[in-house]
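Listed after this line are the structures, all set down as structure tokens.
Two complexes, one shared chain (subunit A), two partners (subunit B, subunit C).
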Partner chain A sequence: MNPVYLIIIPLLSAFSIPLFGLISKKLVKFIPPLAMLFNAVYAILLIPQILKKPIVVLMGGYSLPFGINLFVGPLGIIFTGVIAIIGFIVSFYAINYIKEGDKEKYHMLYLLLLTGATGAVLTGDIFNLFVFCEILCISSFALVADLGDKRSIESSVKYLIQGSVGSGFMLLGIGLLYGQFGTLNMAHLAQIITEKYGAAQSIPIDLFIPFVFVIIGFGIEGSIFPLNAWLPDAHSSAPSTISAVLSGLAIEIGLYAIIRFVFTIFGITSILPALAILGLITLVIGEITAFAQANIKRMLAYSSIGQLGLIFFAISIGTSEAITGGLFQFLTHAFSKALLFLSVGYMIYRTKSMEISSFKGIGKKMPFASLAFLIGSFSLVGLPLFMGFSSKFIIVKSAILKNSTLFNILIMVVLLCTIIEGAYFFKVIQTIYFKKSNNIEIKKAPATAVIAFFILIIIIIGLGIYPNEVFKILQCGATELLDKSQYIRSVLG
Partner chain B sequence: MIINILLIIAFGGAFLVYLAGKISGKLRNILSIIISLVILTLIVMLQGKEIEVNYFHFFNFPLMFRINVLSWFFALLISFLTTLSLIFSLNYMKGKENLDFYYLMLLLVNASMLAIVLSGDLLSFYIFWETMSWSTFLLISYNKGKAINAALKYIIMSIAGSLAMLLAIILIYIKFQSFDILFISTHINMSSQNFAILIFLLLSIGFGVKSAIVPLHAWLPDAHAEAPSPFSAILSGILIKMGIYGFLLLFYVILGLKILLSLNIWGIKLNYIFALLGAISVLVPSMIAIFQTDAKRVLAWSSIGQIGYIAIGITIGSSIGTAGGLFHLFSHTIFKALLFFSIAAVEYRTGTRDLNKLGGLMKKMPIVFIGCLISVLGLIGIPLTNGFVSKWLIYKALFLNQNYFLLFIALISTWAAILYGFKILHHIFLGQLSQEHIKVKKAPLGMQIPIMILSFLVLLFGIFPGLALKTINKLIVNIGFKSLSVNLFGIVSETGPLNIINIFAGLMAILLLIIIVFKLGKKKTNIKQDDNYAAGSYIPIDKYHFTSNFYAPLFGIIKPLLIDHIDNFYLWVANRIRSLSDKVRKIYCGNVNVYVIYIIGFAALLIILKIGLKLW
Partner chain C sequence: MVYYIGAFGLIIIGLYVLMVKRNLIKMIIGISLINTGLNLFLISVGFIKLGTAPIFSKPGLNPKIMVDPLPQAMVLTAIVISVATLAMALALAIRLYEHHGTLDMGKIKDQKW
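Entry: the complex of A and B
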């Protein structure tokens, strides 16, 4: 089995969409779910093999460290799997949801976005990482503007400007690294840095500058405060399917890149407490801002910022268990937020309004969408029997186990934020279920949407009750991050 | 195995009832009653057994159920009250919307409460605790309107409490590498005093919110008043006692009596502080209850007061006190549920629970009146009702412990209980019958049955307290107290026995005396209920109630003292967060130039920190 297919198949299907469009316009919308279903199945089948030994694929036959390689370790396959599963569910949902506009372009860009995401997490080369990130970003710029109204174009341009600044930073950082160390291969870079600076007490400045540039560049994509100003606009004006993918997957790719740089390439753990505080600030700002939102999609977007902050915080604790918890929180957020955006998608579509107040009493008229919202928010708040509890439990436990005053205080702040989070989510639930409705005829969500909801609900409850198996895979991911020398060995031999 | 089956029936049954409701309403009603009866029977069968089962592994933590006297006692109360409440709901909820949802949530609350008391480890305790919290939240919201804010307040406080609890549970796990309650209780000696205090405080927040001990009571008055009435009975009757169950677990199972009594901060004993909070919970809410005009609100405030009694009882740390606290818990479950049912029946027939609009319903709804009368007597603690026994035990314990201050407060609060108890009775059943209520019919049979059963129990356990005291005695021995010598009519002790027979005889003598005095007096004349004497002035036809402004002089004196500052404080915090949120939002001003400045500025900041401050 060759992991290259995980990138090639979606890429080829993306570009085949215009061709299929020539045959029949109706055929187009079935290609993304098929491609993603392939990816999901293929990724899951790869897991046992990868847990034994990471797969390294050389592209174009050049030997390392000169050629470009794919590194398919536990971390990569976790991300790929989640991207594929959510990509499949969302595209399945989109079969009925995407009705207006240029469908061919939408579906093609959608697949390109997911290809970019998959490529970014699988590659073993920093320039390649940059390229895949650009594929992801550029297709998401276009997709944010998909609705074509003034609002979405405005946010798309804002996103484009900030994203380009970010790309500039990334490229500068990568350039500085290449100039200094003469290599772009992650493992090779890591090896050289360890050899050169491994014994240094503080981070040398010629390492720190590229580090800052890279962090800023990917931090914009990963929406770390204060680099996340594009997110609320972009997420709220995109079509709901795209919001789900952007919130659930795209920003996590930025996060992936950052942790890859921090742990594997630079291997600087002394900066972790600062990153934890940064994550916490992101969490606090996100949750507090979400608290007073009247627009449901903006609320969810701010909540994504908060969740990202939490993941970032958890990973920055830096112990194996904490990283596992952070990765678990990534799963929780990806699935729950996708569910929330999808359920809200049809509510907005039917009521033609994004105001929370317009969802009064919609629980009776759209039972499945409302149930999906309920479960998604329960999971995000971290109630037991849902996935969110499993992850939050591990994060809290590992933060306390760290046994340092700083983290004890930080985790208290995290818990306080959970209260705020609970407050705004439960308020929406009440609006949906318990406020008098304004008697407009509203149709239920169609079958494709309901099936998508139920797949996600089953995943959320299933992982809430049986987290063990997934937890083990995530643990391997955490080990991969922490064990830098193992990474270098498995690539360079 | 039997515990697993029990809980599978409880949880599965809830969803089954929901599905049955999609087929027909009747099937759903019957099924819900059957399920609750099956659960009740199973629990009765479990009497005296001690079973332990591992049922699941969450991550690598084994989860287990365990039944002993303590959990059996609570499980019995839970399932019994839920059964009655379901029977009551059949009539009360008839014709309302979303009934499938209502029954689902009611049974889910029931199932999760059962699972809480049967949990053998702290993790499953927490899991079911949260299940209970959110299902309660959904059920409180059911009535819409004002209920929505009430439920929101409940769930926010509840989340805050349970996060404190989560923190405590994880701390305990890290210390002992186990969630098993028994394991922890045998190893707690090895931990330091500070650790025990930390656990005590954190868990107290969690349990305190649920049991509504002042200052964590703010959610209760709204929630109890706005919830559907049959559920208010459960809420007040048993759900808030889950907090008390938690406290018992913490005080006597996890910490144990010896450690509990030794905990102190700067020399002040923690259990005394807790008892003081209990005393405040008795005193102030009982006073506040007097001034309420919404019948359910009176009961809600009264619940906080009664929980205060229980809290005092279980924290003194003596056999009699704990027995008293537990007996009061038991009594309160019965008479408070009875009160809620009575008022629900009145509300069902008249459509209002505003005390100033009701009156004179005694002859219209005799059974409900008798039920209400008996429960008020129990609430006040008149001899021959169960409330008397429990209060006697608590006073006795305070007396023996020489806690005269607490005793004094408890006694004063009883006086307040008399005032609000009588207010309820009078405003609803005595006085002038309002014109619009002349055609009020009796309560339906389905409502009368639970009322009659509960009235019977109030008297039964008032006259034969030994029936319950035996179990309670076993229970307190189980959690490490000395045994009390119990007989059918009370307890025997060298410091003054409780014997209902003597009290009964005394009462009879007084009653005889009263009858003789009345017989000697003037002969009474019967006056029709609507024939009111108004000193010659015109009686308005719509409403003439002697009882408006019932305790006016009292109002003037103590009302200014009784503003709920704590509730106001919580609201103030909520408003601060909202305005903070509005301010923080301005960071995202919408101007992309500013956003790019953020990015560049952040890069500059990091580099300045590095070069200037030599961080990292």
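Entry: the complex of A and C
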């Protein structure tokens, strides 16, 4: 079992799509689900092996720390698994959903986006991380503009300008790190930094400057306040399938890169309370602005900012349990937000409007999509029986166990934000189910969409009732982040 | 030292252009300036004055005065990425002009918070 296939297969199938397009235009849309199904199965089969011992793959056969390596640890395989599962479900849904535009380019860019995401979470080299992030970014710029209308082009331009400034900052930080420490390998870099600075409480200035550049760079990608101005535009004007992938996966890659840098490479734990407050501001701003939106996709996009802030907050608490909770919240957000965007996709398609007020009484006309929206929003708000309950419960518990006044106050704000979140989701649910209906003709729901909804619903409820198995894997991921010396040892031997 | 000043000068000019100018083409030029500055910065990280190429082409070459080849490989990758971004940005600029009839980002305000 070689984890390099997790990157090669999607990349190869992405570039084979135009060739298959020469044979038959209808064949094209089945390639992304197949490639992602392969990735999902392969990632799940790899899990038992990785929990025993992380796999390190040397690319090109150069010995470490000179060559580029892949590090497939618990954290990497969690992200890869989620990317593959969501990628599979969304591409399955897209078989019927994507009707207009150039399908070949859409499917090719979609697979490239997922390749970039998978590569970024598996790599063990910071420059390689930058390259995979750029693959992800450039394909998402193009996918946001996929519809080609006035709104999407404008959002794509904004996203592109901010995204490329972000990647500039990333590269600047990476260049500064290379200039100082003479290596690009994450483990080697971590080793040198530990040897040079030890467990110093204050952050030395020559670490702090590259750290800030890296945080700004990946913060734009991960849409941390105040770097998230592009997100609501980009996520609301892309096709719904792309919004699901961008919200559920792409912004989390920025987050992954930040936590990798903070915990593994720099090992700066004294900065964590500041990051927690940054996460909390992101959460508050996201939820309050989401409450004020009348456009459903913008509402969901702002809610993504809020959720991301929550994940960032949870991870910045810094205890093992809190990081587990943060990773769990990542799973919840990825699955629930994908379900919400997918269900909203067909609602917009039928009513031809994105305004929440136009969804009056749609619950009786479109039972499956409405049920999917209901379950997705319940899970995101954190009602019992759904995934969101377990994850939010762990976060609240670990913040209280931290036993500091600061975190006690912060967690109160988090709970307040959950109430705001509940308020705007229930407002939409009320409109869908209890308002008098408009004239929408009833059409049969496409089978692909219904199957995609049900897979996601089963995952959400299943993990809500039996979180234990996944919880164990997530705990290994948290241990990987906190135990820096273990990471260095498993790569450099 | 002078290379670092030049590199950071270019990056700062690029950021200034992005912050002050409203014309999309000028903003794209700003992005391009930032990328050029970054490439210059990366090259100067590995630069040694009067250095040679890191190839043992003839006997008696001192490894101490060889320039570091890794930043050059990084710059090669970074140039490719920035070309892709630039091409994408210019293509989008054409489409934006078709829709709005202007490239002034201050006037294009369909989407707000």
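In the analysis below, the second predicted complex is superposed on the first by the 490 of 493 C-alpha atoms of A that agree within 3 Å, B and C clash if a C-alpha of one lies under 4 Å from a C-alpha of the other, contacts with A are read in each partner's own complex, and residues count from 1 in each chain.
As a convention for this text, contacts are C-beta pairs under 8 Å (C-beta built on N, C-alpha and C of every residue); 3 or more make two chains touch, one makes a residue touch a chain.
Values in this document were obtained by computation on a predicted structure and should not be read as measured data.
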_Touch test for A:F471: subunit B only (first), subunit C only (second), both, or neither?_
first
*Mind telling me which of the two, subunit B or subunit C, contacts the most residues of subunit A?*
B
*Tell me which partner A:S237 touches in the superposition: subunit B (first), subunit C (second), both or neither.*
second
*Would you sort A:Q49 into first (subunit B), second (subunit C), both or neither based on which partner it touches?*
neither
*Using the touch definition from the top, say if A:G175 reaches subunit B (first), subunit C (second), both or neither.*
second
_Looking at A:S167 after the superposition, I want to know if it touches subunit B, subunit C, both of them or none. Which is it: first, second, both, neither?_
second
*So, A:V131: does it touch subunit B (first), subunit C (second), both, or neither?*
second
*Check whether A:L415 is in contact with subunit B, with subunit C, with both or with neither, and answer first, second, both or neither.*
first
_First, second, both or neither for A:A274, with subunit B first and subunit C second_ = first
*Applying the touch criterion given at the start, work out whether A:T479 contacts subunit B, subunit C, both or neither, answering first, second, both or neither.*
neither
*Determine where on subunit A the residues touched by subunit B overlap those touched by subunit C, and list them.*
157-158, 161, 165, 229, 232-233, 289
*If you look only at subunit C, which of its residues touch subunit A in the complex?*
11, 14-15, 18, 24, 27, 31, 34-35, 38, 41-42, 45, 70-71, 74, 77-78, 81-82, 84-85, 88-89, 92-93, 95-96, 99-100, 105, 108, 110-111, 113
_Interface residues, subunit A side, partner subunit C - complex_ = 127, 131, 134, 138, 141-142, 145, 148-151, 153-158, 160-161, 164-165, 167-168, 171-172, 175, 178-179, 184, 229, 232-233, 236-237, 289
*Going by the contact rule at the top, pick out the subunit B residues touching subunit A in the complex.*
57-60, 98, 126-128, 130-131, 133-134, 137-138, 141-142, 144, 147-148, 151-152, 155-156, 159-160, 163, 166-167, 170-171, 173-174, 577-578, 580-582, 584-585, 587-588, 590, 592, 594-596, 598-603, 606-607, 610-611, 614-616
*Can you check the complex and tell me which residues of subunit A touch subunit B?*
157-158, 161-162, 165-166, 169, 202-203, 205, 208-209, 212-213, 215-216, 220, 226-227, 229-230, 232-233, 268, 270-271, 274, 285, 288-289, 291-292, 364, 378, 381, 383-385, 389-390, 393-394, 396-397, 400-401, 411-412, 415, 418-420, 422-423, 426-427, 430, 433-436, 465, 467-468, 471
